[in-house]
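What follows is chain A paired twice: with chain B in the first complex and chain C in the second.
And now, the complex of A and B:
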């Protein structure tokens, strides 16, 4: 008996140590990046760039970056797409799910098959680019929103959710004379709110983090979202003569590294601000998707 | 008009199946016309942004589409584009890299989340558990651009944390980003860092449905922690493990091009170039539309075939597949 409890205790100690060190390794890099972003050039050189906690923190790098209209402009672009995109996605995805949840609808199976097939198969980069180009969406913000306007996976999750609602609920509403639209607005959407919140947030993060579509479809650098501007500041192959190079030039008080780290932090902060909501709804949504779907 | 529908609904609700049984398909379609109208924008989305590219892909891949030519004007070339794909040593190298990198991702990234999920599940202190979970989920929400920024903070030659440590121990600073040998470990390692926490959720969701009494009974019967993992926990998540494995195998020709596009540079091109980066750089960038499209079709098609096969195998051997 004594032996057994010892093995239980050892097991608990081991898994605590491992899980805690995984959690620390998830958080430490962020603290390190924040520390670097606050360090003066003098301290960097004095401590040979090995700074974890700066002794004389400075906000100089942030002042420099936030003084740049490029950053603000891209911030507005990213916010715009992260609001408009998910709202449109939610609207269409919910409508699609509601229609396909009607068991008596003729053709329902065919529609579902065609939607499922797009999860497994797609046209690829170049044909999609050609379609966007043919539609005249190059250098238009719609090129960042329309191609991902319906969330196929989210549609399936909501469809299953609606199908699992008790039949009496929808039947009685129909008897009371509710049309399809009022049915959707007054009954389905309030009930599916948690699932919709999860899908909305999922798409919000996807929009905020997306940069590749901007690289493909936007030639005009003035239109770039934040992630593209950050990419141009951070990557090694960044083209010289870019508008951000002037911002990144090291000065008397701060080095280029500090400016780059401040740029990373600027990209991280909005995500950390919505993180509590993300975690709450995402995890719930994931559980729902994986348990039911 | 609306009144007529209401009465139809009332009749249906009252009498049950007998009325709808003798309705013809046409009547049923007319009855549901509001629903079809609602569905129209969704259907339009799938036609324009999903099926038009697919149709275009199957045409362009068998033609020789060049700059200044329309798809209709360009010449049919049969399987020529696909032949080029397997003859051109550069593309063959790209295909090999793709398989190697995605297998490496699978090997490195598959087991750790399962182990971590089991540990979270067994953690005695529930409050600590939820704090730690919140911490490990964070990196999942960062964009690849941000992840690259963090990797830069650790591996850059001049100021990277790792190089600072190396120097502290009297070693030379190392140019990690220009090293062919380090490219893949850094790529796969940072992806593991980003996703390890988040990937546990699907397993934890499955484990939340396992009856706690099973553990209690096993404990009373004298089963130790490891024995409980083998006999209760693992069987509880086996179907999810199969599910995740099937999906990962289906992505065998998708090596994470978005991440590589940010991480690679000319010095490591030979080991880093994969289908997605090649299609972007050479296919789109150098206007080799037809070959790029053929490569894309091959990638998507193989992925689908692998998923179908692995799903069939999973069903046969574990009794549960994806569908």
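And now, the complex of A and C:
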């Protein structure tokens, strides 16, 4: 039977306290946001705008937001790009990485240079806009997907991972009659699943959170993704919001803060739902490409 | 060809595609289906305002000579419809309009756009977005040659840059076709919008009138047996009484004088107290430039705030609390004075007290205060333009299109024919029976929409209200609902009528980076004086630091722009 010494016990207590503190500090803001999103304006004022557990919870803010077809429409747009975007990214990144991992590829160095240089440099706002415009993609959903469809950093990670695989693996597959597609689909991709999951998750979160591209490339507001819609809701700050009440002659029973918090919750729920399923692949995938053997 | 070679070829093609998409593109074909930006080299020479257009039946502009009025009209009136004889509405045009809106959300059906398109025989592309987003979007659109025809926004510096790069129309070319708008382009506004003799855009009258003022708890004054404060000593006495004499009668030490409510970012609510001691911004005295940092105004203001702080008369977290959270104090009988727009404080207090009619009588406006030596007695400068309309040179390529644009925008100015139609989410012309308009003899108006109006009843139509930011204003708006509207309007008008310092800021375009840096410098340092971390005896050396931090550069710029002597 293992008896812990006093110092060991002390150490365990200290470690647990630190970890619990960090965990509370991580989850507390989320609880605050959720609590505030369920609080009435009167209670918010009475409790000095600090509510974790509302005494008279209300779903009014969610009802108002979710009753709006604008929110649902933008939710569909965001979901669409968060599904199509990462899938295309993974497809092209994987194939590109597999090709670039082949040491016998003529001109490999030049291709690598072109692709990896984009990690450090990009064309900038105006040239990118001009490219999108000249491709006829203004007011097209593809303007939200194509510019970030190939992830250079992810390509690098996968490429290094493939290069680190034992040569015997691919050689024995070739001996058994496997072609390049078979090797990619049946050997490489299953082994690289954690890294692909990490890259896919990063890309999904990037697509889900993006709004600036929508601002530039979409004139039709019906095509706005969720974050753009929520951002516009959040940017009516309380002072101008009060002034807007005078302009619009509409005093709201729901505080601006409640609406903002509800908008934040709506925006993060999908990511919160997806993340736990990919979490186990996440950390492993991040370092997989960099560790040899 | 061997099987492997087909695979390699396919993989090579896919890799090439990856390279193209992952690396920089060299640009594609110029296939533009929608309205396109023109090549800057094709922009024509500036046209004369009085040139007759190619289309027939044009009687020329209604204004033959631009004469800017000294002030807004006493009683605004709509111009006669015959003023627009220059536009027979026969030809259809495409107009691309952008505005800094409030909601900026999509609407299922833009009824206002449909109304204007039918009325003016146009096809409109309408974009509304927040001010900062609009700045980015406009910059990108102009830089890429897809400039919109007209933008209404607040950034004069951006407008100036665009004008200097030859992208904008001189507003003097279009103003002769906008008689309603011209009534509000005062001499000061015209000067504000003019750079090197050219009008870079059309100044817009403000949305919000000068209706921000100090409001005091008049019920507490009565309870404390005190009269309305008129100077700093009387104000301090009131502040002390609020904290020490339990004006809310609950036997708890939970009442305070006021707070900044600026979230730790400046003096916010308390900033207007500076006006007690002198002009709170750039100004000119005896032909010399002056600034509150240089003439002791800021120092005396900080001394007063320090006195309040040292005597513990300010609310807890008075400096760090934000605007919205501060309502927990101000609307809950814990604060003696606030800085607010007239109608708003009445409305918010009324709603905070669950629509108790007595609540509207708690607050009353206070006349601008004076210092003990008789300075002040005025509020800070107001009357800044509410934005600027910039028109692209491309819009003037077709004179008929330019006139249609002028006609449409002018019709939305107060109190012209489409002013109410495009405001509050759609006036009686679009939603008959859902809104009420009453134009008064004195030029003011009552404009109320019913709770069943689509803009209020359906959240997804909220953004219809963004159309009003072309022409809507509260300057002439009054309310006749009881108990909030009548009293709120009265207080608005009282504050608007209060004396104000002259506005010199309007005619200054100081370096943005330096101005921001100086503002941050002041925010960071001035609080130290109030908290006692730095002695006010060091004020002179602080002023020197301020100058070195960028203040001297701003002084030099202001001297040059206002054409006065150095301080």
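By definition in this document, the second predicted complex is superposed on the first by the 233 of 293 C-alpha atoms of A that agree within 3 Å, B and C clash if a C-alpha of one lies under 4 Å from a C-alpha of the other, contacts with A are read in each partner's own complex, and residues count from 1 in each chain.
The rule is short, and it goes like this: contacts are C-beta pairs under 8 Å (C-beta built on N, C-alpha and C of every residue); 3 or more make two chains touch, one makes a residue touch a chain.
None of these values were measured; they are calculated from a predicted model.
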First (chain B), second (chain C), both or neither touched by A:48: both
Touched partner set for A:257, first chain B, second chain C, both or neither: both
Partner chain(s) touched by A:73 [first = chain B, second = chain C, both, neither]: second
First (chain B), second (chain C), both or neither touched by A:16: first
First, second, both or neither for A:89, with chain B first and chain C second: neither
Partner chain in contact with A:179 - chain B first, chain C second, else both or neither: both
Chain B versus chain C as contact partner of A:129, first or second or both or neither: both
Which superposed partner A:275 touches (first chain B, second chain C, both, neither): first
Touched partner set for A:203, first chain B, second chain C, both or neither: neither
Chain A residues contacted in one complex by chain B, in the other by chain C: 44, 48-49, 92, 95-96, 98-100, 111, 114-115, 118, 121-123, 125-127, 129-131, 135, 146, 149-150, 179-181, 216, 235-237, 255, 257
Residues of chain A defined as touching chain B within the complex: 4, 7-8, 11-12, 15-16, 18-20, 22-27, 29-30, 32-33, 36, 44, 48-50, 92, 95-96, 98-100, 102, 104-107, 111, 114-115, 118, 120-131, 135, 146-147, 149-150, 171, 174-175, 177, 179-181, 205, 208-212, 216, 227, 230-231, 234-237, 255, 257, 260-261, 263-264, 267-268, 271-272, 275, 278-279, 282-283, 286-287, 290-291
Residue ranges of chain B touching chain A (in the complex, touch as defined): 2, 5-6, 9-10, 13, 20, 25, 28-29, 32, 34-36, 38-39, 41-43, 45-46, 48-57, 60, 71, 116, 119-120, 122-124, 128, 131-132, 134-139, 141-146, 148-150, 152-154, 156, 158-159, 161, 164, 167-168, 177, 193, 196-197, 201-202, 205-206, 208-209, 222, 224-226, 240, 250, 258, 261-262, 265-266, 276, 279-280, 283-284, 289, 292-293, 296-297, 299-301, 303-304, 307
Partner chain C, residues of chain A touching it in the complex: 42, 44-49, 64-65, 67-70, 73-74, 92-93, 95-96, 98-100, 111, 114-115, 117-118, 121-123, 125-127, 129-131, 133-136, 138-139, 146, 149-150, 152, 155, 179-181, 215-216, 219-222, 224, 229, 232-233, 235-240, 242-251, 253, 255-257
Residue ranges of chain C in contact with chain A within the complex: 3-4, 7-8, 11-12, 14-15, 17-19, 21-25, 27-34, 102-108, 125, 127, 129-130, 133, 136-137, 140, 143-144, 146, 207-208, 322-325, 327-328, 331-332, 341, 343-344, 347-348, 351-352, 354, 424-425, 448-449, 455-456, 459-460, 463, 465, 468, 472, 474, 479
